[in-house]
Structure formats: C-alpha cells, structure tokens
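Pasting the structures in now, so scroll down.
Here chain A shows up in two complexes: once beside chain B, once beside chain C.
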Partner chain A sequence: MASRRKPLLKVIILGDSGVGKTSLMNQFVNRKFSNQYKATIGADFLTKEVSVDDKVVTMQIWDTAGQERFQSLGVAFYRGADCCVLVYDVNSAKSFETLDSWRDEFLVQASPRDPDNFPFLVLGNKVDLEEGRRQVTAKRAMHWCQSKGNIPYFETSAKEAINVEPAFQAVAKMALAQEQDVEVEFPDHIRVDAEPRQSSADACAC
Partner chain B sequence: MFNSLSSTPSQHSQHSQSHSRSSLARTLSTPANAHPPPSWSALPSESGALSQPSPALGQIRRDPAAAGKAARSYSASSTALAAKQPPTPQHMPGTRSPRQSPSNSVQHSPAPSSPSLSSPASRTNSIQSPSPSPSAAAHAPPSPSAPPRQTRLSYLRDPHAHFLLVAEEEARVAEGTSGGKQASKYAKMSAVLEGVNVDIDALRPLAWSGLPAPLRAMSWQILLAYMPANHERRTAAVERKRREYAEVWGGLGTVEDVGVVGEEVGKAAAEGERQTAQGNDNGSGQSGKTGDAELGRTRWKPKEGEGGVWHQISIDVPRTAASDTPMFQNKAVQDSLARLLYCWAIRHPASGYVQGINDLVNPLFVVFLGGFVDTPTHAPPSTLTPAILHAVEADTYWCLTRLLDGIQDNFTHGQPGVQRMVGRLGGLVRRIDAPLATHLAAQGVEFIQFAFRWINCLLTREMPLRLVVRMWDTYLSEPDGFSEFHLYVCAAFLVKWSEKLRGMEFGDILMFLQNPPTSSWDDRDIELLLSEAFMWKSLFHDAPRHLEGAVPGTPVG
Partner chain C sequence: MLSTAEFWKTEAAPPSLPLFNKNLGFALSIEDGAKALETFGQKWAKAFPTAPGTESKDGEVSDVSEAPELGDAGPQVDENEDEHLRIFRRDAERTFKLKLNQDQQISVLSHYVKTYGDYHQGLSFVVSAIMLVADGSTEGKEPLVTKKQLALARRIATALAEDKEKYAMIEAWKAEAVISAVDGYVLMEILKKHRPQLSSQLERNGILPEIWFQRIRCGLCVHVLPLVALFPFLDHFFTYGQPFLRKFTLALLALLETRIAKAGNNTSRILEIIHLDLEVMGLSKAELVDPASAKTKIAEFTDLCLSAVNSAAASCASSSAKTGGSEIAAAHEAASAGESRSNTTTSPSADLVEILSAVDAIDWAVESTRQYDLRLRARMERAKAQAATKEESDEEDEDDEDELSDDSETEEERLARLMGGVTLK
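Now for the complex of A and B:
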C-alpha cells in the first residue's frame, strides 16, 4: 500500500449529443467555455489533478460522442471506469428521457463487478438559459435519480461555470471511493484491464 | 491565414528521422502496379515551389455572376498575383472587392467574349434557385463601356468549359519567382485539362503531387467522375446533376421564407428553430461573424419524418467550422451544408448521417466554392449568393456521394470499415515501428482510442483544412485513396512522432495523439507524409504475412 502511486481515476461522461458534455469537461479542466468545440467523434480524453480529502488524484476523463452510431465503441472506452457522469440538457425533455438507456448501456458495456452500486452522477446542464425554455424540472430529475439508487444530482452551466467545480469534486470523491473499493480485490486493475486487448488486436493484424 | 512561410529549417529538424526514411524509400523500387510514382528526389525542391504562400485555398478570383451558367471567367488579376506575397490580414477578403471593379486599374476585366459578361438578369439559371440576390447585383459586371483591359489570360478553349482556367500569366509569374518547376507543372496540368477528353491517366500523377489551386475544383470533379472527362458532355452533365439535386431536396423538404432578416433576427430565428427541434442548443454566438444581412433569405426544412437525423445535423453543422474558416459560420452556407448532409443521409439509409461525415464535406465545399469566389475560406457574405451556393452545394452533394461510395462501410452499423482499418493500423505499426507499438501496448494505449477519429474523419480533425485539401489531391489520384491509402497515411502520421511518444505515459500519449501539433505544418510536411505513406504502401500492400518483422531497415529512431 505504501508504494502505491497517485490514484488514477477513470471517469466517463455520457449523454445525448449536444447536451454539453464536451463543454462541461473543458470548463472543468481548462476553466473556459467556447462555442467552437467540434462534435466529439469516438471519445476525447483529458486529465486533471484534483485533491480529494487532502489526497491528490489524477482524473482521466473520457468525453464520449453522443450519437448512437458510436455506441458500439463503448467497450473500448468504458472499461475500467470508476465513475460515470450522465448529462442531459434541462431544456430538452428527450435528452432527459434517454438517461435510462445511457445508464443501461454503460452497465452492459462496462460490466462493472457490482452494477447495483456502481457510482453514477447526473448533471442537468444549460441552466443558464431562460427559465421559459426549461423542459425538465429539478423535481422530476431528482425523482429519477432517487429511483436509481440515490444518484447525486447537480444542475450546471458549462457556459456560466455554474456548479461545474462542485459537481466534478463529487465525481472525484465517488470515483476514489470506487477505485479503493476495487483496489482491495484487484490491486492493479487498470493495467490488467488495459492489456488483454492487445492479443485480440494481434489476431486481426494485416 | 496560412502561414506556410513561417516554418523554418529548425522546425523541420524534428522530422529528420522521417527524412531518412524517405531516403530509404528512394532506394526501394516501387511495384510496377503502384501508381503513380511520386518523384522522391524532386520532393524537396518541388515542395519548395508548392509551398508558396498557399495560393491553395483562395487567391482565386472568378466571376460570381457566371455561377449558374457553365462557363465562367477566371481572371488572373494583378491582385490575385499580389496575393502570392506572404498573406497578411490585409489580404483578407472584405478588403478586396469580390469582383473586379472597373475603377481598379490594376485589375483585368474578363475577356469580352466571356459568357460571364452576360448580366445576372439575362442569365438563365438552370437551377430553380432564388434570383441572384441584390448583393450580387451590387457587384454587377463592369459596365460595357469600361474598355476590357488587354488580358494575357489563357482560357480553357472550350465554349462549354465548366471552368475557365488561367495558366500563362500565373505560370509566368511562378517561373519568375520560384523556378520553372511549378510553371511547367501548371502548363502541363492546363494542357491535360484543356483536352477534348481529359486524360485521367495523365491527370492522376499530376494531381498526386499537388494541384494548383485554380485547377483544383475541376480536377477533383473529374477525378471523382462527377464531371465528364469529355468536354462536350460537361455542361449538360453538370447542369443535369444540379437539377437532379434540386429535385432531391425539393422532394424531401419545403422552402419557407425567412423574410427580411438582419443579422440579429436571423440569429434569433435560427436559434428558435433549433430550440424547437430539440431545445438543446444555445445557438448563440455561432452566426454573425460573417453576417447574414441578406434580404429575403429562404430556408429549407425537411418534411416530417426524419426528425432525429435533421436534429443531429443541425446541431453538428454549426460546430463543424474551424476557427480559421469563417466562411463556414455563414448562415446560408450552414443551410447548404445541412441540406446536403440531410439529403445524403436520407438517400443512404444503410448508414444514414454519422457524425464526422460533416467534416468530410468541408474540403469539397471549400474547394468547389473556390471555383467561384476568392479566398473561399474567408469569402465575404456578399459573394455567397444563392446561385453560387446552390451550384456548390449540388456539386458537393454529388462528389460527397462518390467519395463515400468508396468507404460505405465506414458508416454502416458498427462501422466495420473503421474498425477494420484501426485493426490493420495496429498490425502495420507493429511491423514498421515495433518499439513504438510495444510502448503503446505497455502504456495501455489502444489504437481505437485515438485512431478511431483519424479514420472516421480521415484526419480532417488532426490537420488544418488547407493541408487536408492538399492531402486529398493525392487521395483522389490514388486508386483507393480513402479506403486504402489512408491506412498508410495514418501509419506514417503515427510513427512520425515515435520518439516523442516513446517518452510519454498513457495520458500524455492520448492527449498528444488527439491533438497532434500540425497547425504550423505546411505543404512540405504533408508531402513528406504522403511520400512516406506511399513507401509503406509499396512495402506492405498485399504483402504476404511472412514479411512481418523482416522489414529492411525498420526505423527505430
């Protein structure tokens, strides 16, 4: 235990296309907002060091593409995740209604050891837009979160940097707890997970 | 704009390893069927000539009024030539009139015989498009009384030419400034394109090593077999295709009047529409950069049915643009892009719209627009008339169709084409750069994590658009450029950074490969990459597996 390196926390961001996943990740990591981000293809990756309870950890954040076509890619990106952030747009009922399938999809593809207790987080984004546009109430969202085993819920704006920091702090905390949980049984799970892939790639070479 | 001059010798020192690789290439005989052999030894000097401050995307001036009609004039004005100086912000459009103004003494008027001199009003546009906008009229042709200046233009001598070409003047200048190589290439290209039947086999090798910007639109359209090689069939064929496309979108949607819109109103309308489509796009701040203050703009909307497709396209199109191409921020352009993507998706239900296809449209659109306006990447809104946009949109639609026909399974369910190429890339890199492959594996980096996008978007995300355009000159002249040659380009692209990558850990590797430092690249870098790719292809394409691990001089570092 003493020789252990800085914990590495793998976080996946999921949700419909256009809800603001890329913007949230960039607001958290680089503290800026731009409306020039291109549509994510496959998945984008960024890292950030944060301290959780006086402990410095590295978050590896995977920002995924929202289009269904890319869902077959899930396995490659979800594996070994310590926490999954589900994002919807409070101004789009449809993006909220698909959270169920995003969650299911993640559990199927990432196949965590203990699906019932795998840490999720829900972010209702774009709360900066006028109240009149809002299609999903906080009450409705929280009700859904409760029904899925008390998933923590945050309302955010990547544009105005509202609640982004606290949300990701919570993500880090939950991911760390999860990581340590897994650590007990699989001390090296990240490496172990990452490598077997190689052999399958070999098989289809050339 | 394009700082192709900014690269210094020291900047290239990082590629020294690659240089040695291409010298290896020189010693290798290329397979007989390999086609076409780029001249390795000519690379440095030739690319020197080609890397003239990118006439590439933009110093073309052509007559927008000629849009609907097949023939267009191309006027090599002194201004266009002046643009060959290192581009400065002053060369941005907006500071120059999109059309030659008669009062500008340094500019030539189109030749009197040019059909483009017919006024927009007398012109019959083959596409049922809105009449030329007032802004087009404002840029009406020079008045007949203005004596046409003596021109030294060499037009493509084809009354039905789809494009009229300039060759001599630019060639002369090129000769004067950067040696005869560029000039003779230009002359050769023009000769090929002026043929009654364009000899595609002659065109390919010329295109492989890079097309001069003014000849690009026509060449691409011929290489994609959209424009007939035979000049007599050309006008009719293109006009028919444009009409056919208009029928496609006419059948799939309806045109509604946006009314009189200023920039702000247009923005609000667009935003409102996106909001109702799904309500999850802030929409603001996207438009307006290039303005939208056009009168009586119409807007096309699909009929009921494929709301999901339209929604996805309309949130992707506004975020397609690179910050270095403000033209793509123009609302009318975005409408064109969205419509052509939608039509393509509906007509190709096996794949439908897949994110990333929008990126593949950009090079086509910008090159074809370059057939009509100056500096297409920065085209002022006033030059983007409905007639021009309709023509460019139609040409782009058909050429996109041709291009994607060759890589269909990149976008069908499960994207087997992309997956397969990612797998092959892994195998290939293990052969050509085993230490790198080993390092990536040891770090837990999987090829799919970075190469998926490289292949899905054909490296358009990893390169500046001007270089993608140069790359596609080669892709379009390779037998299977997009479906096969691209694999070797990806391999060359990856091993280029080998030394750096082998000193990095997982996170840094991925961030590097998702954002490789190509923004300062110029034509030389891209041509080196293409040569290396060609070399790997010659070595490994259809190579029996027993070659594995027995690569002569496998580069290690």
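Now for the complex of A and C:
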C-alpha cells in the first residue's frame, strides 16, 4: 500500500429531501443517473480524483439525508468540510426557502474558523422538467446568492447531466482554496474514474 | 404482494425496485414470495394484535377515513403546504412503480404522522417491506395492495411505536432521531472494549454511528440486508426488540472485521463494507447483471447476513431463557408454532458470544444517558466557542452589530430549548 501526501477535499451536500442530492453526486462521480435511488438515511459519500489548475486532488463528497435533523447533538461529520453545496429543486419553492436554514445549520454544526468567508455553492436542480412546473426563477435564486456574499450559483440537471461537471469543478476549486493538506494514506486500488463528459449548459456565477 | 402474479408482471419487472437491489435472483419468484407470505406475513398478522376500534378481527380496516378506498388517487400533495406529504410522495415514488401502490403506502405513513406527529424516512422503508409479505392475494388482478396489507403495515408500525420499552421506534422515527446516535455510540463503547482494533480503525476514519447506524436503527435494515435475511431480521426484531437489534449490529461488525481491516484507511471502502454494498462484498458488475454466474459468492454474502441475524437471535434466545422470557416473546413463539423458521437455534460462534453478551451486561439506560450527556456537553462547548468567535468578529466590525437583534435566540438558548430547558454545567 502506497502512502503519499495528497489534498483531500471534503465537500458536504445539503438540501431538502428529494431535491436530487444523491443523483447529483452519482452523476458527477459515476456519470450515471437512476430514478430508482432510495431515500438517503444517515450519510454516504463517494470519492473522485479531479484536476484543479493542473493539481490532482481527491474530492470526498458527502451525501446527506435531507429529512433528518441532528440539531441537538450536532453532526460530527460536517466538521473539517472544505466546501458546502446547497441544493434545491427549481420546481419546489419550499426547497429554495429552506436554503437559509441549511446554510445556518451547517455553519453552526461545522464551526468553520471563518464562517463569514466559508465557501458555499448553490445548485438549482431538476431544470430538465417542463418549464410550467418551475417555481423559482434564476433571478430570485441569484438574488439570494448575492445577499449571502456572492455565492456561486449553477442550474443543473442530474438526469440530463446539465452543468453537473462545471458545478463540481467550481466546488473543487473553492474547496482547494479552503483546505489545508492532510496526511491521508491511499490504497493503490482507489477508484479513479474516467474524465467526465462535458456539459453544454450555461452556468450562472453571480 | 410477493405472492401475486400481477406483482411480478408490474412492480417486479425490470428495472428492479430499489427494494430488490440486493437480491440478485434469490428470493425473487412468486414461489419464494408465497413462502415468505406464509412464513412471515401470516405469522405477523397473528402476532400483532388488532387495534381496538379500527380494524375487524380478520384484519380488514373498518375506519375508511384513515384508509382510502382502493383505487383512490390518495392524498393530493401540495408540496408547499405539507412537508410530510411532499416527502411521503417522494419516498413512495422511490419505492413502488404503480401510483396505486404509492398511494397506499402514503396512506399508512399519513396515518402514522397524524397519530405521532413526526416522521423518519426509515418508516417508509419498513412499511414497504411489510407490504411485500402481507397477504395481498387478488387472483392476479389489480389492485395489488389490499386493505389487509394496509392494516398489517399500520398495525405493526403502531405496535413498534407504542411499545416504547421494547422497540422505542417512536423515538427512532423522528426527524431528529437522537436515540439512533446515542444507541450507536453505546455500541461503539462495547466495540472499543471487545474489538479495540476495529473500533480504532472506525474512529480513525471518521466512521461515526450517525453516518451509518440509522439504516439499522431507523430503517430496520431494509435496503441493507437482502430479502432472504431481511424478513428473518424483522421477525426476530419483532420478537426480541432492541436487544436483538443491538446484538445484530455488533455481530455484523464483528463478522465484517477482517474485510474492514483489509480496507486500511480507505474510508470510502470501509463505509461501503458496513453498508453491505454488493461490489465491495466481492460481486463484480458483470456478476450483478448475471447473478447465475456468481452463485457461490451470492451464497457467501447471504450466509454472512444470515449469520449475523441468527447469531443475534440465538444470543437473545439464550438471554430470554435465562430470564424466563417475556410474554410478548412467548406470544410470537406461539404464533410461529408449526411454521418453518430460519435457523434461530444456530449458536453464535464462540468469538461472538462474548461481545453479544456484553449487550446484556450493561445498564443501557445509564450508558445511553452518559453518551448523550457527553455529546451534548461537547455540542454546548462548540456553541460557546463559536459565539465567542462571533462576538470578537462583531466587535471588529461595527456594521455587523446593526444586524444583531436584541431578542434573537443565542445558540446556547436554542440548545437549551431543544433539550427541554436542560442546561448543562
């Protein structure tokens, strides 16, 4: 087993149940989509090696349960996060309105050293659904992101692989800027996925 | 459901339901389904008493206001008005293909929330598993779900919630299921004493109970175990309650110890092993597509799961014999008389006996209170430190002070409120 120093970027994905957190993670890491994912209970994570400015880093992406709450005892695995991805469903106003509480809860639980400058990123998912179902406009979402310190915003579809790759590349870049190198022992057989396919849709970075 | 031809033509047709993701060809036929119904569905229908005033003796639901007529569209979900209904719909869509069946599952979940006021998605997992083995014979015609199935699922969910000492599921089926984290940490204390290397490896890699234990404690292993082991697991849990669940967890970790040790510090791999992900259990993608080519490996996987289930059950049976057993356990045993049982009498291997006995040796209430206090204190300390940091930051930036409201709740106050006014010193 080889041992080497490598940046490990810990990323937490938060958002209401059913907004597509598991699907986004699987689309990014495994480049596949299924509408048969069961609800996430507890937490899960996948790892993926990515290049950021010619530097190879390992992203450890944590998929969380959107319905569970652990306010009283805290969520220990939030700690040490280098970036937090907030996900909502553009077809559900409620899922957008809870972004505030997800952000606040993360800051309380993760206790980052500099909460005012901790890197967040917002994904408005399920843009593949028909236009008539949309309940949150991009303008409204971008306004919220601006009010929280210019959080980058992407509109995505995990199903159609729209903007997933650019969004997570942005996550990696922000996380790398945040992280401090940690000593991690990686086994030789760690899964290294092929280059993900490029998405064609536009990203909104406000 | 499993015993109806229509189920196999519709719900069970490819692509497979998430409930079947780990079954790979075993326990997946109408014959196996009928056997499961006979072994478990009928037994559970006898073992769980009918709730007075809501169901008739044959298990039919008499309160139609709580159980919609079969074929009804079910509750209409306004996602922006009822968060529970929104989640029920999402969960049902991820469980069954037919809207009719989704609606029936939602009716059981709605009844539970109306009664107990809270919800955890583990409940939807458990309800769907019970619906599979409840008697749904419709002679091949729709609807696939009958009122008997709804009655059984509702009856069992109610019984598991109502018996707070034996099952304590009312605490586990909450959005904030503190009990699952606390119970998990108590189990980790036992592991630390009896399997120090394994415990150290999990701790070193950040594999904390709140990451994985909910799947066992709140989801009762639905989506963790293959059906062939899941139904015996549920059966023993219904019989023995929490001690079985705790012993099963320790047995599973002990049986996975060698695999976990080989994973070293590959955190992702360790978590996949604990989740019993099939690829990590030695089954390749090709074998998952064609299970017939991997009968031996599948048998090994199944045996491992059943070994954990049966070891825990045998330990519970041994403990129960020493204490004289409970009336409910006796009722379950009576209900199963004459029926084929899984290998409940299989004794745990010698190296498992000690760690499983440790569950009986500790005062769970005392230990769980201690673990709870430890974590609450740590949480309060973090909140205080964060508040101090924020205060310093605010003093440096006068603009920020304007944003602070005099009547806003501090983190410490919020925690105290959440804990019912308890303040730790």
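Just so we're on the same page, the second predicted complex is superposed on the first by the 168 of 206 C-alpha atoms of A that agree within 3 Å, B and C clash if a C-alpha of one lies under 4 Å from a C-alpha of the other, contacts with A are read in each partner's own complex, and residues count from 1 in each chain.
The working rule: contacts are C-beta pairs under 8 Å (C-beta built on N, C-alpha and C of every residue); 3 or more make two chains touch, one makes a residue touch a chain.
Keep in mind that this is a model prediction, so the values were computed, not measured.
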| item | value |
| --- | --- |
| Which superposed partner A:L129 touches (first chain B, second chain C, both, neither) | first |
| Touched partner set for A:G74, first chain B, second chain C, both or neither | second |
| Touched partner set for A:V108, first chain B, second chain C, both or neither | second |
| Which of chain B and chain C A:K38 touches, first, second, both or neither | both |
| Partner chain in contact with A:Q60 - chain B first, chain C second, else both or neither | both |
| Touched partner set for A:E179, first chain B, second chain C, both or neither | neither |
| Partner chain(s) touched by A:K159 [first = chain B, second = chain C, both, neither] | first |
| First (chain B), second (chain C), both or neither touched by A:D116 | second |
| Intersection of chain A interface sets (partners chain B, chain C) | 17-18, 35-39, 41-47, 60, 65, 67, 69-70, 72-73, 76-77, 92-94, 135, 190 |
| Contact set on chain A toward chain C in their complex | 1, 17-18, 34-39, 41-47, 60, 65, 67-77, 92-94, 108, 111, 115-116, 135, 184-187, 190 |
| For the chain C and chain A complex, residues of the former touching the latter | 15-18, 21, 79-80, 83, 86-87, 90-91, 94-95, 119-122, 124-125, 175-178, 181-182, 206, 208, 210-215, 218-219, 223, 263-269, 271, 275, 372, 375-376, 378-379, 382-383, 385-386, 389-390, 393, 411, 414-415, 418-419 |
| Chain B to chain A touching residues, read off their complex | 275, 278-282, 284-286, 312, 315-316, 319-323, 352, 354-356, 358-359, 411, 413-415, 420, 423-424, 426-428, 430-431, 441, 444, 446-449, 452-453, 456-457, 461, 507, 510-511, 514, 540, 543, 545, 548 |
| Of all residues in chain A, those that touch chain B in their complex | 16-19, 35-47, 58, 60, 65, 67, 69-70, 72-73, 76-77, 89, 91-95, 126, 129, 133, 135, 159, 190-191, 193-195, 197-198, 201-202, 204-206 |
